[in-house]
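After this come two complexes, each holding chain A, first together with chain B and then together with chain C.
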Partner chain A sequence: MKAQGFKGSFRQSMAWFHTWVGLVLSVLLYFIFITGTFGYFNAEVDQWMRPEQKVVAPEAMPTRQAMAETGFAYLRNAAPDATRYFISFPTDRNPSLYYYARLAEVGADGNNYINGYIDPVSGDKVAARETGGGDALYEMHYRLHYMPARLALYIVGIATMFMFISLISGIVIHKKIFTDFFTLRLRKGQRSWLDGHNISSVLALPFLLMITYSGLVFYTFDYLPGVAVVSMDISDATTEIREHLAPQFKPVEASGEQAEMISVRAILDAAFVELPAESVRYVSLENRGDKVAEYHIGQHSEGLSRGGALTKFSATTGQLLTDSYPAHAADVVFARGSLALHEGRFANIHLRWLYFLSGLVGAAMVATGMVLWADKRRTRLGKKGVAGSGLKFVERTNLAIIVGLPLGVAAYFWANRLLPIDLEGRADWEMHCLFLMWAASLAHASIRDLASAWREQVTLLALLFAALPVVNAVTTDVHLLATVRAGDWVRASFDLAALAFAAAIWLVARQMSPKVKQALAGERSDAAPVAGSRAGAPILQNRAD
Partner chain B sequence: MFWLGFGVTIVGALCLALSQSKHAKLILQRELQRPWPIVARGVGIALWLAAAVLGAELYGVGIGIATFFAWACLGSWAVALLATWRRPVAPARRR
Partner chain C sequence: MVSLFIRSPSSNAAKRFRPEAVRHQHSTAIVEVLSIHILRRLGLSECNGLDGGLVENYSHQGLQPTGLTPYHLSIQPCRYMGNSATQRWNVVGRSLLASVGGFLFVSAVGGCLALLLAAAGLMPLAQAVHVLTLIGFVAWCAVAMWVFSAASLGRTALKIALVTVTALGLVFFLRF
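Take a look at the complex of A and B:
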């Protein structure tokens, strides 16, 4: 006997569930995928968006000790009363020395900290333009924008849970998951969208399941606060959880007694007897100036785990305090592995590119699902049927989302180069440009006939990305030729990737031209309908209604 | 070595695709005769296993397996696009 669900058979119920669960939050999921995918190259995008930042050749890079001294000297000047100094060393992804200081009191800007970048050679603050950089783009995938971060966290959490349910129900309804493993039939109307949706979800399924599940793991205790409340004394829950997750970071209370600090160079000299210098990612001074002050030396994580080993020294006596901690509990090992997989921090540059492409495949899965939903309903109407306002709304918002968001991202990069350098709130204005372009895309999609609007927006997208290296060349001295000549492959790759993306989008735009569509329709003229769809019906046909 | 692993995975995916008659018809323009589909499947699985082992050897088990999944996802995409490129535009079958 077949199991019955609330919409017929179990599989039919799951299909209904998959469609609606996927549709309801698809807009948000597409946004999360596109912006989150930039996270795999956030440091590289940052470099491109800060053209003033100099790239130091590895052989010209000072020693870790010299850089730490440079950083701490800068902080002593900039934040003499700070209780915490933190210096993160340059990596192959970021050529500058990062600094952070926790101030004793809130500063004039309303923050109780200062942070930024220092040139590791000169020791001067990097006078880069104010920009949100790659981080602002990437952080939007969990913080969204124009709303409180906590609210955004919950909204993203709900969307992620929907996505997870949608993936599982998608597996249930996909009968021929192995037979259709490599099946992608292009230029066949609705069939192509279905194939595109299937193949992007099936082939990238391990990635999609991992990224969705680990996304939920990130904020487990925010999404499920009850777990902490019922399993522990409510007043101690946060502290206990923090210590359970990272016992090495258990904070030490300041004694209130002043003491002389040992220099960071002396501490690093002692540390490097045991530790390889290149394994050290950061050095920090906790409770600075206090008798119980400590130097913390953090290493790069090894293997598939988030967070590396930590070695602590007393900042007053120079004594090694501890370099080993109790082994993490199994749940913490699992959580750290999940988070590392999500962020891909362990990934080398090649794997990072595959992560990036997988993220785009995820976005393609959501986008094809959105188009498929609208096209199915359009097909059911037939040639004479009149679309309801709901369908028309979805068709137009589909365009504004699928093409509008990448247009907004292009506008974000353009704004980085074109906005006046001394504009107040420049980083905010870069982001405003993204959303203004997105709004313009929606307005355009609303007033133009749909086929023309698709063609025009896709063409504009190709043009914006193709012209990005040109705008870069006109406004900065780190243009493509200069970066290739200097071996600055991070910035060169950004320009080259923009050109490659523009070329790919241009090919799509060409397919949408009336001439090409007419030619394709001719080739398909003797084709019979594929089950459940119109024969080769172009999904972006000119719709009068 | 990263690209070697990726290449092995793509060839493995190609073998797995050829083990299915409809994809073999698309890619080779003819169906494979028995026992070649079974051989292709065996070779495909063996190559994927080899790539997974190579990934683990290169980067350790955790990162190696993650790397292998990335190879398999994107490698399969490459094969799917190859099959699409070989596919005639007009659908062949009438219902």
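Take a look at the complex of A and C:
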């Protein structure tokens, strides 16, 4: 009789595959989920982390033309030789003007660009503390940290592919997907972890599939260049594909001839004859100072697509170059839709919260999977079994990862308020604090007994988040009462969310106390094996699978 | 303690649960093992079709032996038995085949199909390449699952290699 498959039946093989594919890079996936989830509120976190940044009331906001003039005037002083200027207008989520200039040469800091925020009313650079803000936190989900961005991109790509395979194989092995949606048995040890893993994966399955696949679509040709390499000439492939994906962004080569630039106000005045001013998201000046220079006016995206309409004007003659492009092919519409879904920029505040919660559920799915794997091995050992160093290591690193990373995030926020304002490399030190706290969590988990370590770290996590509004009140003037009184609901929401998160962690800590006792029993049994075993728990001492 | 009982070969459980060596020794009966002790003692845990999870599932379902049958276990070690090094190399081989082999397979087949779509005038080459790359992620996932579910690593590798080489041959024909 022919053997059925690698590990028995197809479903059994996939169960094994799902376990290991999910487990191998689970640490990285958990990191990606937690940091990436902050991307849905990166601008809001930014505001909280820059308490000096003023919030301008909508009625006091200058016109788009005035703000563009202000921004370009600032850039002419800050980057007189730059070849590209870019100004992004304030939005509901960000009250400042964003500027970017591409320099002709690499600057002293090693970058060929400058960027930052300008007060839209005064035109001064926002004198906020140096901070990585919400952007640095969420960018880690694809750039990681302490490594070259390109390398990080590939590592994250591999993790994303693992996640995708794990999801599909997880669906294959799921016999009772509908039942699992409604099944959560608390305080049942391993069964609870399994239910938690199932419910978190089933509940957020559409989100998880979307976020994982669209994560691959972001860097389609970096992750899977093979199809293009096999079928196209390498020299032409990049240009042809770029023109297919974004015909409106076809780059124009500089002519080398200097020319006088028409003012940005004049161009916007002309553009606003047709375009509603509030629909414009940004204005940029390409090939600045050159005869072929162009003003690009980008609009907010409409519907489910990444990137809105683009209108181009000649910067030397003021002539409208084009405001319409060939319709995107279906595959490009699909890809842009996927990216828009991934980033959720179209989402209103309610949908943004749903995104945020789905991201946390994704992290919970990975975390419960990690705990379940270790717990299964622990259960198989029974009270009499002796856990190997591998299992002990996994149990302790599970704690340091699942609780340690949120502890690191809390430390990141605390560092934002407590580090000296004039500290050199302040933004870097904020990030160092995150990783130092994470390392401290691992050290603590290594030296304490497991049950105490869980209890102490979860309690510390709740305390750190609960005290965050207090630290904010002591160190800044944008405390919770002030922000609520001023109607600054973005900053107020951050403080309130920290309190809510602390309360939720506290409740979870209370729920898991029987589990902690069980883990404690497991720990003690290592030191002093007892006779007998639990009913239904096989005794295995010599194998780890 | 020996906890074994005999079930009909036609039962579903028996279909899923076939220790190779047991089957060879007792061709008319399939042995279903309800205790993991015996598996471990025999070193059968690494056999195809056997894993602790299945045995645990049985105990969760409350299945009990119908009676303790004195049974002389003159079972020869099956070919996978206890050979964890072989198992490890098998997993390494499958991992390589799923990753590198899957990448080459998807690239070759995707590239070939892109050229065919463009040659048939259904869409421009750049669009065909984009479409097939987007599909390629799903195909790569499917290949990885196939590799880790197939019984024989060698036969699967051979099939993947054959399709890849054929696709590359077609690419060569279409491009040059």
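In this text, the second predicted complex is superposed on the first by the 507 of 545 C-alpha atoms of A that agree within 3 Å, B and C clash if a C-alpha of one lies under 4 Å from a C-alpha of the other, contacts with A are read in each partner's own complex, and residues count from 1 in each chain.
Throughout what follows, a contact is a pair of C-beta atoms (placed from the backbone, for glycine too) under 8 Å apart; a residue touches a chain by one contact, two chains touch by 3 or more.
Computed from a predicted model, the values in this text were never measured in an experiment.
J.: Under the stated touch criterion, which partner chain does A:358 make contact with: chain B (first), chain C (second), both, or neither?
T.: The answer is first: A:358 touches chain B but not chain C.
J.: Please indicate which partner A:303 is in contact with in the superposed arrangement: first for chain B, second for chain C, both, or neither.
T.: So A:303 only meets chain B here.
J.: Mind working out whether A:334 is in touch with chain B, chain C, both or neither, as first, second, both or neither?
T.: second
J.: Using the touch definition from the top, say if A:406 reaches chain B (first), chain C (second), both or neither.
T.: neither
J.: After lining up the shared chain so the two structures overlap, which partner does A:95 touch, if you call chain B first and chain C second: first, second, both or neither?
T.: After superposition on chain A, A:95 lies in contact with neither partner.
J.: Which one hits more chain A residues, chain B or chain C?
T.: Counting contacted residues of chain A, the larger count belongs to C.
J.: So, A:469: does it touch chain B (first), chain C (second), both, or neither?
T.: neither
J.: Of the residues on chain A, which ones does chain B touch that chain C also touches?
T.: 536
J.: Under the definition above, what is the set of chain A residues touching chain B in their complex?
T.: 179, 181-188, 199, 203-204, 206-207, 210, 303-305, 337, 341, 346-348, 350-351, 354-355, 357-358, 361, 520, 523-524, 526-531, 535-536
J.: Help me check something: in the complex, which residues belonging to chain B touch chain A?
T.: Touching chain A: residues 2-3, 6, 13, 16-17, 20, 22-23, 60, 62-63, 66-67, 69-74, 76-77, 79-81, 83-84, 87, 89-91, 93-95 of chain B.
J.: Quick one: which bits of chain A touch chain C in the complex? Just the residue numbers, please.
T.: For this pair, the touching residues of chain A are 1-10, 12-17, 161, 164-165, 168-169, 172, 213, 216-217, 220-221, 223-224, 226-232, 237, 240-241, 243-245, 329, 331-332, 334-335, 380, 536, 538-540, 542-543, 545.
J.: Would you tell me which residues of chain C are touching chain A in their complex?
T.: Going through chain C, the ones touching chain A are 16-18, 20, 23, 35-37, 40, 45, 48-56, 59-60, 90, 94, 103-104, 106-108, 110-112, 114-115, 118, 123-134, 136-137, 140-141, 144-145, 148-151, 168, 171, 175.
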